[in-house]
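Below is one structure, written out as structure tokens, with a few remarks after it.
Order as written gives the chain letters A, B and C; numbering starts at 1 within each chain.
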Amino acid sequence: MPDNLQLNSEGKLKHFLTIEGLDKQVLIEILDLAESFVGMNDGRIKKIPLLRGKSIVNLFFENSTRTRTTFELAAKRLSADVLSMSIATSSTSKGESLLDTIRNLEAMSVDMFVVRHGISGAAHFIAQHAAAHISVINAGDGQHAHPTQAMLDMFTIRQIKPEFSRLRVAIVGDILHSRVARSNIQALNTLGVAEVRVIAPKTLLPAQVETLGVTVSHNLAEGLQGIDVIIMLRLQKERMSSALLPSETEYFKCFGLTEERLKIAKPDAIVMHPGPINRGVEIDSIVADGPQSVILKQVSNGIAIRMAIMAMAMQKQGAM
Amino acid sequence: MERILIKDGRIIDPANKIDRIGSVYIADGKIASVTNEPAGFKADRVIDAKNQIVCPGFIDLSTRLREPGQSRKATFASETLAAAAGGITTLCLQPDTIPVIDARAVAELIKDQAEKCGYQQILPIAALTQKLEGTELSAMLALKQAGCVAVSNANQPVKNLLVLRRAMEYAASHDLLLMYRANDFWLANNGCVHEGVLSTRYGLPSIPDAAETIALAQCLELAELTGCRVHFGQLSSRRSVIKLHQAKKYGLAVSSDVAIHQLHLTENNIIPFDSAYHVLPPFRTHADKEALCEGLVNGTIDSICSDHQPHDLDAKLGAFPETEPGISSLETLLPLMLKLVSQRAITIEQGIAALTQNPAKILQLDGGALTLGFAADICIFDAEQDWQVNSENWKSQGVNTPFWGHIFKGRVIHTLQAGKVIFSRSVLTR
Amino acid sequence: MIVNRLQIPSLLDTLEKQIKQTIVSRRLTDPLMIGIRTGGVWVAEKMHQRLAIKQPLGLLDISFYRDDFLQIGVNPNVKPSQLPSQIEGRNIILVDDVFYTGRTIRAALNEIFDYGRPKQVVLAVLIERDGKQIPISPDCVGISINLDAGQRIKLTGPDPLGIEIQSVDVAA
């Protein structure tokens, strides 16, 4: 179901909700298109007219200045008109229903929604109920998916290590709550990497996680052996108060990426992180700022990838 | 009172071990004979049940009709029509109405409304605690006297086991059955699907089966301690069946039911993010489903219920975890039971017993059987007739079912309640 | 009139002559030559060499400026445009292989003007065919031809350069 929802009648991308259900070819097309947008950044031309006249609304039910700004910039570089809305949702304030929010915006001639929401499945729901001409991009829904982040991670990896089939990738941290982890696992497997390894304490792993197509390790030192790419996940403060972990210090002792631990991985291994970084909790500053870190590259690639995804989702919408 | 002859049907009455072609004679609203025509019997009405099955009307141990208080979702009028169309002649009403059935007045209101819509047998289940909040006991005796057949805390938790113990002791002292849905509030952790492959893949908050089995184990211990009779409603997991089997072997006065849809669907059937599949307890694994079926066959699980929960459209419109759980299921109860029979998972006698004889036994009712002198609650159905779940055929106000659009075999032709025909398919214009 | 392979050199000769004349008549001092990908670049490379233009050849990709994005979508294998120097105040010789509807040139002009404001732009094409849809005309041509309905003309290359005429199903 989700995959058919994402493709239009000609099999072209219409919504971008999750990596699941998209085949390798579509992912490569996104990466290739993003490549050409990166080239555009020689600074001489700031925008291209690809989406001129189109209206994009950033619907952020969950706060995120970084992601929202990247999407805004990406839309503007495609010459689209952008509107950003931060919608507070709390159980006490009974605001508009999700459906009503969408309908009201549709009445203002919108072409695309970029949605970030705290509940898994929100983007799918919006895609299913929005008017037929609207495209929906998932900027992160609950714990389910963050497909644009996964694509920019794949893009960053490809820039440095173009041969996916040889790569062993480790994802370290709170897999249980991470939509970044889920989408990355799907993207890596679709692109055919040699191995995806999740490294986490038992409390932070979802049930039967191997069914996602990963190997599991509970020990960072063991788990990093033979690894080409290390993706560190952010540890959120709430995990301590919900009895998942005793303290940040203890987490860092077992699962923090220090210089010594980094040496266990392959000598040319790269270090990634979706941000924002908790220095001294999941990663040591010296590693985050070190030569093997590509964290800043990830950030700068974020705009080009989002431009590519938005352009691909909007194309052929005027098909006769 | 009409005298009715139901003739030439296949009579299946597990309580009296009947399975043969024959006729049923009804007089004064009661079963007069299931063998020979009583002397001087003159039928006011003859129902031809040729090629149809005649069995006791179904007793549904867990339903919600949404009145009083939530008529936006459904009403007594709409849901009793659906029940009658589904061959169900007795409905047990869960106490989570608005207001909660924790006061005599509410129970009496329900009886009045049942009478007004021409469906007498709506049996209210009393709230175990006031407002279902799990802290203070409700007036169980008064509620029993007002017609409540059991006590239950619906789907609300009783977080303090001491309160549960005392409530069970009190219920036992008035010989009241506790109907208990085993679910530990903390372990369930606001989940909406089974903790397993699906929840992991889609990042959905999940409920481990331990949430059910641990609460079940606690309640079994309290049942032994207090002597309270307990009926465990809507089981969903294999390990619950195992515990129940051991408890019965050990001699505890316990019984159980399973919602019919749990015998058909697992987490693998869930269409991702489709709120029609949002139910509590959640659909679990294939192994759980198989164990529930086996439990039904070997008697560990005594009965099947519909767990009917009709909803308005808005309740199911939203991101999956934010939608309200529950299926509108009165009208699919019979066809889903027959589907199990056709799959050879159970025999038709077992299926009918699970809907009639056994629920009657659990509730200690004189019913669920075509015994002479019992109220003539009867269901006459055609096991071969196909029909589709669509807006033409569906009577319930709630269209929230994952079986929407499905074609089923098995259709009720007549339903009689206390000797009165409350549903007749031939009367309908289609 | 059908054009066959052997006449490419003569088309190039004609085009070269015309450009030379235009450089004089339009006073194109220190011209910047820009070829439109892909066929226009092949032609531009030849002209650039023959005319011994000092400035390196500019390469223009118009994929992101096309007006049919909504109909046919985006080409994922786009190489970025490479314009070696400033556009501002320059005399530009824009080169393409086939001039047909004029939309490609419109897109190319839009892109060039996003880079800066040139002094003037002169358009040189190897083959001009019938079927114009936009009021733009080339200033220098290798040859002007008319094709039958349903025919398309295409430059093949880069080495050797060739010409192909294809029949395409005509939409009703």
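Quick note on the criterion: a residue touches a chain if its C-beta (ideal position, glycine included) is under 8 Å from a C-beta of that chain, and two chains touch if they have at least 3 such contacts.
It should be emphasised that the depicted structure is a prediction, and the values quoted were computed from it without experimental measurement.
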Leaving chain A out, group the remaining chains by who still touches whom. B | C
Among the chains, which one keeps its Cα centre farthest from the Cα centre of chain C? B
Comparing each chain's Cα average against the average over all protein Cα atoms, the nearest is chain A
How far is the middle of chain B from the middle of chain C, if each middle is the mean of its Cα atoms, in Å? 77
Computed distance of Cα centres, chain B from chain A, in Å: 45
How many angstrom lie between the CA centroids of chain A and chain C, rounded to a whole number? 41
Touching chain C in the complex: which residues of chain A? 12, 28-30, 32-33, 36, 39-40, 42, 44-45, 47-50, 311-312, 314-320
Per the contact definition, I'd like the list of chain A residues that touch chain B in the complex. 1-2, 20, 97-99, 117, 119-122, 124-125, 129, 141-145, 179, 182, 206-209, 211-212
Counting only contacts in the complex, chain C reaches chain A at residues 63-65, 69-74, 76-80, 83, 110-111, 114-115
Residue numbers on chain B that touch chain A, as the complex places them: 195-197, 199-206, 208, 271-274, 314, 317-322
